[in-house]
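Note that chain A is present in both complexes that follow, paired respectively with chain B and with chain C.
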Partner chain A sequence: MNIATSTELFCFLVLATVIVLGSLGVVLLSNIVYSAFLLGGVFMAVAGLYLLLNASFVAAAQVLVYVGAVNVLILFAIMLVNKREEMKPIQGIRLRRFLSGAVCAGLLLLLVRVVITTPWNLPGPEPIGEEATARIGEHLFTDYLLPFELASVLLLMAMIGAIVLARREVLTSDVGTGDAVTQGLIEQAQSPFLIDESST
Partner chain B sequence: MQLNNEMLTFIASASPVVVSNGIDLESSFINALEGLGLSTQLAHVFWLPLPMLLVLAAALVGVLVTVWLERKISASAQQRIGPEYAGALGVLQPMADGLKLLLKEDVIPARADGLLFTLGPILVLVPVILSWLIVPFGQNLLISNVGVGIFLWISLSSIQPIGLLMSGYASNNKYSLLGGLRAAAQSISYEIPLALSVLAIVMMSNSLSTVDIVEQQNVAGFLSWNVWRQPVGFLIFWICALAECERLPFDLPEAEEELVAGYQTEYAGMKFALFYLGSYINLVLSALLVSILYLGGWGFPFSVEWLATLVGQSIDSPLVQVIAASVGIVMTVLKAYLLVFLAILLRWTTPRVRIDQLLDLGWKFLLPISLVNLLFTAALKLAFPFAFGG
Partner chain C sequence: MIDSSSGLVPIQAYLLLAAILFCIGVWGLINSRNAVRVLMSIELMLNAVNINLMTFSSYLDGQLIRGQVFTVFVITVAAAEAAVGLAILLSLYRNRVTVDMERFNLLRW
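And now, the complex of A and B:
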């Protein structure tokens, strides 16, 4: 075994340990902030695995999307509702924990069975390394165009939905005086007359 | 010839100077070690940390210089003298600052979350240092010419908000939390126009690699620099880079008058120094990237090949290679420090924007403009493929 492969094996073992322990921590820790930060760590470790597989573009995209966007969003949500409240004790928590543990263990068994019984085609195809970026672009705009566009339409729908939910409905004229509403009036007053009560 | 080789080895030990394919420091270093009886792989392992340590040292020296410049320029802007007793013209003042922070007591507030409190500054600093991986000072003069290049920088810089949120939350202080949230919101909103303006450059150079981006700018001296083809993108990138570095006019996360010092409020000693270091390394890095993306990187304003033929030297001769490499390093650093000077001058002459103005500027102005810029670049690339990298 030469230096390169042993380094690779060592990195893989470290990353795999981080992923397994980190994911267990995400699920089992009671402090939700720790869970969120650990989730970020797990995403980083997954990006490390992509790097080991010679897929640097996918690794960078993983960091950008999952760590930089998804995880930061989760943290934001947690910190903006940073309210300490006493949780009510849940009825039959032990039974529930046992049941969910059993379901997870069953799923794990199923996956392990799939891993063992599938005839994997080893070693896999040669990684194309730096050309991967161009290849991904080609695929996105030729044979995977429809899924790509569908995903972007889905994201657009989610964004419009979020805006509709977060926006306050505003009447076109002031209920009290009958004046037409201008941008200045909305910004300056936040007047309760302008808010359409029926829609909320 | 023997003399030339010796000179090259000397320069190799001093700095990783390499231009074009004429000199390759890595292989000559490995050859030298193999001559001592080591295996190729082991020699490679010995080579790996050298450029990294060198770049780390360069980044730290860059920070010291920037801190000194900041003190001196701010003093001039306010008609003071500035530091002058520590060394000639006060050049040792940044060292004294660093030493003071190093020796200070490391305070962790009693009700703070010790683990996250310590991890926060590290998470802010490490991605910034890692980003130096892709900064080229010459054709072969960078740690690693990774194919994803500039995209790696964008994705690494998106890790920083997590560290800011972490330190803001762990301090157990409302000003820290507010500062952390502001910092994260700011860096998320300005990342989008930043990435879009980088995308326009990438579209013109047909590559994500920083080396390719610089090379296609150095065809005809300063006339082929990207700043002429992407003036709008240049301005957007510079504004966003300042916002990402949290420099005035965008230093809301640590606005003294409102938030004490934002997410840094509870920090002292070396942990505070890590934030300080991170922000200055980030400033130098941003300036370097502006010079790489828009101002031709290591390129001399006039083509080096042309100058070499003018004085009757072959471009492949070792002397020309070494001179060209040194000129390349000097040009990169010079351009970057001109931009740092501009950033410092901006800091001491402009007022701070409000948070709503900041977000309006980011989302309602820079984002649409950068989208239009991207579409316009694509149209130009289709219309004039010879000038826009078709």
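And now, the complex of A and C:
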């Protein structure tokens, strides 16, 4: 065992531990803010795994998109819907958790069996390493050109859809009385369009 | 540079890690009552799939790296999904004033 392989093994073990423990924390912790920050940690560790797998471009994209955009978006959503609410206890939650845990363990067993018993065709071709970025660019503009363009259309649709879904309807008159209402939407404590069902 | 084709970490280790991550994501998706946590679980599952794609790309398809291209597309779709999902969540919260998944039963009956 030379120093390169032992370093690789050590990095993999550390990253795998961070990923498994972090994702368990994301799922199990009761405070949702801790979950969101742990999710960022898991994304960073996955980016480290990509570096181990000779993919610097995708690792950078992972950090930029997941940690920089998706995680921040989730934190903003937590901030916007941050209301301490007592979840009503529902009956049979323990049984439900146990059953779903059994199903997930079964799925894990199935996947483990597939991974271990499959005869992988190793070693494959030599990884191209640092030329991967140029190769991804060639792929995106030759044989994957149509998915690339469709992805841009998809992003545009998602952006417009998110704006339409998340914006607040601005009405100049009250729906109930017909009086003119002020437009201070954020400061307005009780908008007429908010139907509070927690009191009913 | 670390050469993974002759490296010490076997391909099974990466695949097992991805399987564990995916199962944790499925469990969280089923059992979370907070809607934001459901979205986080979906992101975990997408990351597990990405690890699989990258592993196959590096170990079995080292020259063409089609797995990396697929991962880029998956990241794109995941970003779009997160944006739309959180917008739907905000809209739901505005109407229901809760994030409890058990009370989102608009389409149930």
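Here is the rule we go by: the second predicted complex is superposed on the first by the 164 of 200 C-alpha atoms of A that agree within 3 Å, B and C clash if a C-alpha of one lies under 4 Å from a C-alpha of the other, contacts with A are read in each partner's own complex, and residues count from 1 in each chain.
Basically, contacts are C-beta pairs under 8 Å (C-beta built on N, C-alpha and C of every residue); 3 or more make two chains touch, one makes a residue touch a chain.
Because the structure is a prediction, the values reported are computed rather than measured.
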| item | value |
| --- | --- |
| Contacts of A:Ser6 with chain B and chain C, given as first, second, both or neither | second |
| Which superposed partner A:Ser56 touches (first chain B, second chain C, both, neither) | first |
| Touching partner for A:Gly40 - first (chain B), second (chain C), both, neither | first |
| Which superposed partner A:Arg135 touches (first chain B, second chain C, both, neither) | second |
| Touched partner set for A:Val81, first chain B, second chain C, both or neither | second |
| Dominant toucher of chain A (residue count), chain B or chain C | C |
| Partner chain(s) touched by A:Ile116 [first = chain B, second = chain C, both, neither] | second |
| Touched partner set for A:Ile160, first chain B, second chain C, both or neither | neither |
| First (chain B), second (chain C), both or neither touched by A:Leu145 | neither |
| Touching partner for A:Ala102 - first (chain B), second (chain C), both, neither | neither |
| Contact residues of chain A, present in both the chain B and the chain C interface | 4, 57, 61, 69, 76, 80, 129-130, 132 |
| Contact footprint of chain A on chain B as seen in their complex | 41-42, 44-45, 116, 146-148, 151-152, 154-156, 158-159, 161-162, 165-166, 168-169, 177, 180-181, 184-185, 188, 191, 208 |
| Complex interface listing, chain A residues touching chain B | 2-4, 33, 37, 40, 44, 56-57, 60-61, 63-64, 67-69, 71-72, 75-76, 79-80, 82, 129-130, 132-133 |
| Footprint of chain A on chain C - complex, ascending | 1-9, 11-17, 19-28, 30-34, 36-37, 39-41, 43-44, 47, 50-51, 54-55, 57-66, 68-69, 71-73, 75-84, 86-91, 93-100, 102 |
| Of chain A, residues touching chain C in the complex | 1, 4-9, 12, 16, 19-20, 23-24, 26-27, 32, 35-36, 39, 42-43, 46, 49-50, 52-55, 57-58, 61-62, 65-66, 69-70, 73-74, 76-78, 80-81, 83, 85, 87-88, 90, 96-97, 100-101, 104-105, 107-108, 111-112, 115-116, 120-130, 132, 135-136, 139-140, 144, 147, 151, 154-155, 157-159, 161-163, 165-166, 168, 194-198 |
